[in-house]
Amino acid sequence: MSARISVQEADFDVASELARLEALGGGGVASFTGVVRGGDGLEALRLEAYPGMTQAALEEIAAEAQRRWPLVGLTLIHRHGTLPVGERIVLVGAASRHRMAALEACAFLIDWTKTRAPLWKQELFAGGSTRWVEPRPEDDVAAAAWDSSAEHGRP
Amino acid sequence: MSARISVQEADFDVASELARLEALGGGGVASFTGVVRGGDGLEALRLEAYPGMTQAALEEIAAEAQRRWPLVGLTLIHRHGTLPVGERIVLVGAASRHRMAALEACAFLIDWTKTRAPLWKQELFAGGSTRWVEPRPEDDVAAAAWDSSAEHGRP
Amino acid sequence: MAVHLLYFAWVREAIGRDGETIDLPGKVDTVAALVRWLAARGGGYAEALAEPARLRCAVDQSFASLATPIAGAREIALFPPVTGG
Amino acid sequence: MAVHLLYFAWVREAIGRDGETIDLPGKVDTVAALVRWLAARGGGYAEALAEPARLRCAVDQSFASLATPIAGAREIALFPPVTGG
């Protein structure tokens, strides 16, 4: 298992990240990329991390994914700092011999990253107003569903 | 909805395909890439398509995904011809405001592509022997599970 | 009636060609009847089409069953279960 | 005992600083007690910490609950529910 976990300000190169997973030879590579979505005058998100803890929390989430699915590789990159509309926020990727393992692991990684990693989003609007994003109950439901699921499989 | 469906011999550029989906503004982009996996002396796969029908079959599968999930974009590219170990075979991608819609649509697209598109795989081994790949019962089960599922959601 | 036949994968290999245009007698009115009629030619046809249950088909580029009528069809394809993806 | 406190997101904004090192009296023995003790300072502290149910915390960089004991802790972080991803 080859895991790459990173909390960083810089953008990441999706092509090279997925090429790394493809090269591991599992045959199936799934990914999910989250991008800042515009609307309602939003200009950017500001992502705040907990230096020291965020990386460790993502590593724990990745380790749990490795326990649940037969992965040959895994990628979890989360940016912090000010990210204008259209910028990438997060990339999760998983490589496996089994396509459903790869896809489910990605769903798990993003669900838990949203609810179990110390990261906070602030919306920055045209005109200068700001708003801290509230947690969404459906994200907690999605994350909790993995608790009650068996070793494998989507809840 | 912006759909890109292609049956082609040439490799595809994962980065530009995913960048296209990111640019549609949905905020969430999921993908699955299938790569020729080595082992047991396998040197390459030969993918045979049905000129004229394969493209149309993939377009129907894509249209079904659009009916089932709120997608802003979708990509389904399948190669044919001789593909050595490590070469990409297929890319499915989906963009949506909802991360689960994007991930589930990818699972659906690959499940149905495996079982409902006129494509055949032949294994080419070192030494010159060949073998036509047999359909796998679990692929039929996975594809059929989408029949019995509701409008949305993983079965 | 003249119909274009297409063969794929090991059906194509056993028959030794990827397609042909033939005139079908009117009594050959379903895919199953076509398969029997072709198999009766013997040789690669008999080999490729010996077990109809292993075959899949498309009529005018739409998936069909062995029971599908073929009257008026312009293109009929015979092939194994698909294995793409 | 000296402990390093960290504040994130709107907790940080309301308190007006991202952290501080303080000497805690021994009776402040849980995260909940710490929150009450800090809120009693008034001003931004009172504002940020008025509703403990809206707060989450980590003790020595592990997620904890308000009931978690803090004896011996070196770093305690107070923040809203996380919203990354």
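By letter and in written order, the chains are A, B, C and D; residue numbering begins at 1 in each of them.
The definition used in the following text is that a contact is a pair of C-beta atoms (placed from the backbone, for glycine too) under 8 Å apart; a residue touches a chain by one contact, two chains touch by 3 or more.
Since the model is a prediction, treat every value here as computed from it, not as a measurement.
K.L.:
Leaving chain A out, group the remaining chains by who still touches whom.
P.N.:
Ignoring chain A, the remaining chains break into B, C | D.
K.L.:
Quick one: which chain's Cα centre is the longest way from chain A's?
P.N.:
Ranked by distance of C-alpha centres from chain A, the top chain is C.
K.L.:
So what's the Cα centroid distance for chain C and chain D, whole Å?
P.N.:
Distance between chain centres: 74 Å.
K.L.:
How far is the middle of chain B from the middle of chain C, if each middle is the mean of its Cα atoms, in Å?
P.N.:
Chain centroid spacing, chain B to chain C, equals 26 Å.
K.L.:
What's the distance between the Cα centroids of chain B and chain D, rounded to whole Å?
P.N.:
Roughly 49 Å, centre to centre.
K.L.:
For chain A and chain B, let me know how many angstrom lie between their CA-based centres, rounded off.
P.N.:
Computed value for the inter-centroid distance: 23 Å.
K.L.:
Multi-chain contacts only, two chains or more: what residues does chain B have there?
P.N.:
34, 110
K.L.:
Please give the residue numbers of chain D that touch chain A in the complex, ascending.
P.N.:
Touching chain A from chain D are residues 6, 8-10, 12, 58, 61, 63, 77, 79-85.
K.L.:
Under the stated contact criterion, what part of chain A meets chain B in this complex?
P.N.:
13-15, 18-19, 22-23, 25-38, 86, 88, 97, 99-100, 102-103, 106-107, 110, 142, 154
K.L.:
Going by the contact rule at the top, pick out the chain A residues touching chain D in the complex.
P.N.:
Checking each residue of chain A against chain D gives 34, 47-48, 50, 52-53, 56-57, 78, 89-90, 110, 113-122, 132-135, 139.
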